[in-house]
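Each chain gets a letter, A, B, C and D, in the order it is written, and its residues are counted from 1.
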Amino acid sequence: MILDFERPIKDFEERIAELRRLAGPSAELRGEISRLEEALDAARRRIYSNLSPYQRVQVARHPERPNFRAYRDALADDFYELSGDRFFGDDPAVRGGLARIGDHNVVLIGHDKGTDVNSRVRGNFGMAHPEGYRKVKRFYDLAARFRLPVVVLVDTPGAFAGRGAEERGQAWAISADLMALARIPVPVISAIIGEGCSGGALAMCATDYIGMLENSYLSVIAPEACASIIFRDPGRAAEAAEALKLTAADMKGRGIVDEIIPEPLGGAHNDPDSTIKAVGNSLNRVLDGLSDTDPETLREVRYERYRRIGAHASENGQAG
Amino acid sequence: MILDFERPIKDFEERIAELRRLAGPSAELRGEISRLEEALDAARRRIYSNLSPYQRVQVARHPERPNFRAYRDALADDFYELSGDRFFGDDPAVRGGLARIGDHNVVLIGHDKGTDVNSRVRGNFGMAHPEGYRKVKRFYDLAARFRLPVVVLVDTPGAFAGRGAEERGQAWAISADLMALARIPVPVISAIIGEGCSGGALAMCATDYIGMLENSYLSVIAPEACASIIFRDPGRAAEAAEALKLTAADMKGRGIVDEIIPEPLGGAHNDPDSTIKAVGNSLNRVLDGLSDTDPETLREVRYERYRRIGAHASENGQAG
Amino acid sequence: MAARGARGALRGREGWRIGIRNWLSKRREYSRSAPETESGVGPMDSVFTKCEQCGQPIYEKDLRARFNVCPNCEFHYPLSAPERIRLLTDTGSFQERDGGIFAEDLLGFEDYRQRLEKARAKTGLDDAILSGTGAIGGRQVALAALDFRFIGGSMGSVVGERVARTIEFAGTEELPLIIVSASGGARMFEGVYSLMQMAKTSVALSRYVEGSWPYVSVLTDPTFGGVTASFATAADVVLAEPGARIGFTGARVIEQTTKERLPESFQTAEFQREHGMVDRIVHRLSLKGDLERLLGFLP
Amino acid sequence: MAARGARGALRGREGWRIGIRNWLSKRREYSRSAPETESGVGPMDSVFTKCEQCGQPIYEKDLRARFNVCPNCEFHYPLSAPERIRLLTDTGSFQERDGGIFAEDLLGFEDYRQRLEKARAKTGLDDAILSGTGAIGGRQVALAALDFRFIGGSMGSVVGERVARTIEFAGTEELPLIIVSASGGARMFEGVYSLMQMAKTSVALSRYVEGSWPYVSVLTDPTFGGVTASFATAADVVLAEPGARIGFTGARVIEQTTKERLPESFQTAEFQREHGMVDRIVHRLSLKGDLERLLGFLP
């Protein structure tokens, strides 16, 4: 799949390929080719260094973007998946289990958007039901009991909006995760690898450290939904994305996340391996750094971190 | 409703009533009447002091036997019912909430067999689903959090045997209650007021103190089910009841329960008020006695109590 | 019929996804029937109004006297935060805390400032919340009430901050905590700051519940989104007003996305009680009495 | 067809309500196809047997070599406790503990003594459990395995006592705890003593989990009643063998009481995983490897 703004690059690539076929030994053609290659490279840089927020959202949603499964398979030396909420069911939209990442035994959790039509449908495109959030709660408790750090890979368009989800207490399940996250006595770190949308994402990323891939986004609401509500026009999603300040740069700039993990030129889907490696390095570095922190300090710092965030000022002008 | 073995008593009563109508001033008839009344009294004593185990089971199941609602209304100065398991539903087969009993604020829980056809059906005849046991778990946790003693009134033919109950983890829900009961840091006391059958009863009566009404029963299985399994003949339920040693006297004698609460002649349904009063006195006495015990002692004693019970011997002859 | 009509109106009030303009427009329907309050709604021009639920005429003063509950059909109309606190606290016992905290438009979101000014003017409140301490039947409590008239009761930084401060105050002063919610959810105009208020209120609450004082949450019409998915449901006891719509995503959005027609009762307080999410449905005029009883049992 | 036949057989092995005679008679079907073990089953008279699941002939030695898993259709036949321990523990590492505890017939229940003697003779076990310590991939663990051949693996006082002692030993020695269940449920012949073993094992477990060593429960065919409703499900990780029937009340009793026909898959390990009750389905021949992996992650 090719995003609109990727089109000129694709054209370049095709022309170069074509010339190669014609070229043969001819010297000036080879010169032409290398000139084009420089132009292509320049175009790539120009386009990708100037992606609009909404274009980044599209990159974050790119079907070929590496997802939970790719990270799990590449970063975990071993992964022993666990399942079930012990109340109602097992939700394939979120997966988790015991994993070895670098020198660390951890509880690894993530939204599973799947890799093909079947697995995408089965994973409900990464939109979890209450069973999913309750399974995650079980994983938080397991990590607390065995003093294992928690690593979360966030990639969701949001908690699922459906009848069953409401009947079984979607809001209650998310709230329980946030309460558990707040008091968990081990390091909890997350990386937003694609979409980080709404409470469904927050229930899994209100953590001690948040890394964010360059083209991923974090938002209280999907740009399309925001546009149709505020502007009464879904077509103005790009404006909404702009207004919501949802890019990694915005988040880092506002002190919401701790790190922007750079993506290869052209986005993660153009070079999954290097992207996954970059995320892996970040996770390992952070795990190493936090592994000796005592539970009380972790909770204290976590408390201060989230207690602080807000866009408000007191009468006397100082931030609330 | 009149149980078979109550028939002769009923006949007596009818004859006396009849004579009264005829009697008028006549002296010798009044003599006859008082003789019959003595005989009636004797018959009552004879029959009720020699009830077979299965007859007691029938008394325990008597539809007019005072149930949770009657105790709640008579013993609780105020009862603020709470509901819901926060996962799936609210099970009317078990009810609970905050109550004031004597000088004690407590969490009051009980099986609700209902009082008429509608409420009996609604309460599923006191057979709870997983939602019910999970609601009870919530009450246990609430009591622990607020350091309120727990009072349980047990009256169930067992956990419900049904498709939905199995689909939602009946066994898991009961197990979670037993685990919670074991570590709850407040006094937990129970009174078996009718049927105490199978794990569905144990999940609510593995407590620090168990009072048992004279004609109530406690059993691993219903006599009818036991008969059809062991004797391959449900008709031999009376034998099974005999063999299971399920009466209050057996339980007291074997040190399983702490107290037999006597019932009025003719069984609780012949004089609900005095029965309820007797149970109330027992509960109050026990609450007074336990109210100052510290959590660790409570758990320690509870541990020893249930750790000890067993019908086994070691090679060297001493009890295991 | 009346029910469906009301349902139609209710639908419009469900959840942040449906949106703030919507709520505001709906709100005006109430302001017609809503009584004059200290909280800044202008005086009524008409002496009586027509109940949107039962269609019967109601005298403004009767509605006012019954805290916006229809004398005829008992329909519960939204209640402003000041009126809510007047309903719940012993006369003269309420003392506001944490006033003078104002939202900043850090995102520079299209007409957020104007909306804030309008809402402040209309309600006389700093934001969609009123919080402080008061007595309920003589028992001192920390309490907060959200106000749906203020940008749909949406949780922005001020709501999050004042909820957190109320929780912290309850913890340090060892007071019971009571929060009455009425909210469409997150306040989109504050973007991620709004989202993060869910985390803020949750960390505060997770520390409070390490103590042994009770937290009672009261859910009123409507309570959705980020509020339901954080502090409003993480309570020891959850009460709800009759007919209140409560959930995470609003029914209209669910119908749009899943193309499924949802039953009338969907997401009502009664529905949530059936599904084990709410402890009790409490009539507004019994709420103070219920809280007094409840607190009487608890530390 | 084969499936239904097997289901019929499985039905007979479901839960204490269906009963012990039943299990015993069913058990004989296995003893035909069950291999000779240290645990006292007599030598096979036939060289091969017919798989009740797939109908194919199986050589006894092949079945034995695969711990009673059909080489053709992978159907998992019951496995005796001694064989289970041979399957899971490093060779020669197992040391039995708490042997020499015997059931007392305190209720004087009709032919309980005879049943006990028969079962002891048949299995060479004291009761329906074998417990002790052993190494799994070099990791020292406390473990117990129930034996279905012994009065349907029913939990009487000896099973309860040995499970409790194993849990306590694991706690004091700071060892991981592994319990493999195969049980129809409570042992009716012991009446209330049997019921109370649920409380006994639960108090022991509730103390163990205050420590930070893992408890892994393995559910095999069948696991029902008092065992499922106490220690077998209260584990950090719950594994189950393919096709194992697991539940509280057996399907046959449910069909009798509710008059509802239940699906083939009802109460299978796969069904329980679908419903969120079980973490993983693990093939018997992978079980040791899975436990090694799992313990490798945990304290």
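Here is the rule we use: contacts are C-beta pairs under 8 Å (C-beta built on N, C-alpha and C of every residue); 3 or more make two chains touch, one makes a residue touch a chain.
Predicted model, so just to flag it, every value in this text is computed and none were measured.
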Both-way neighbours, i.e. chains that touch chain D and touch chain C: A, B
Which of the two pairs, B-C or B-D, is linked by more C-beta contacts? B-D
Centre-to-centre on C-alpha atoms, which chain is most distant from chain A? B
Report the inter-centroid distance (CA atoms only) between chain A and chain B in whole Å. 55
In whole angstrom, the CA-centroid distance of chain B from chain C equals 43
CA centroid of chain A to CA centroid of chain C, Å: 33
Shared interface positions of chain D, touching two or more other chains: 209, 275-277
Give the residues of chain A touching no fewer than two other chains, as numbers and ranges. 86-88, 168-169, 172
Tell me, which pairs of chains are in touch? A-B, A-C, A-D, B-C, B-D
Once bound in the complex, which stretches of chain A touch chain B? 86-88, 130, 134, 168-169, 172
As the complex stands, chain B meets chain D at residues 159, 161-163, 165-172, 174-176, 178-179, 181-183, 198-199, 202-203, 206, 218-221, 225-226, 228-230, 232, 243-246, 250-251, 254, 256, 302-303, 306-307, 309-316, 320
Going by the contact rule at the top, pick out the chain C residues touching chain A in the complex. 16-22, 100-110, 156-158, 160-161, 164, 186, 188-200, 202-207, 209-210, 224-226, 228-234, 247-249, 253-254, 257-258, 260, 262, 266-267, 275-277
Given the complex with chain B, which residues does chain C contribute to the contact? 209, 212, 214, 236-238, 273-280, 290, 293-294, 296-299
Note: in the complex, chain B contacts chain C through residues 78, 80-90, 98-100, 105, 131, 135, 142, 145-148
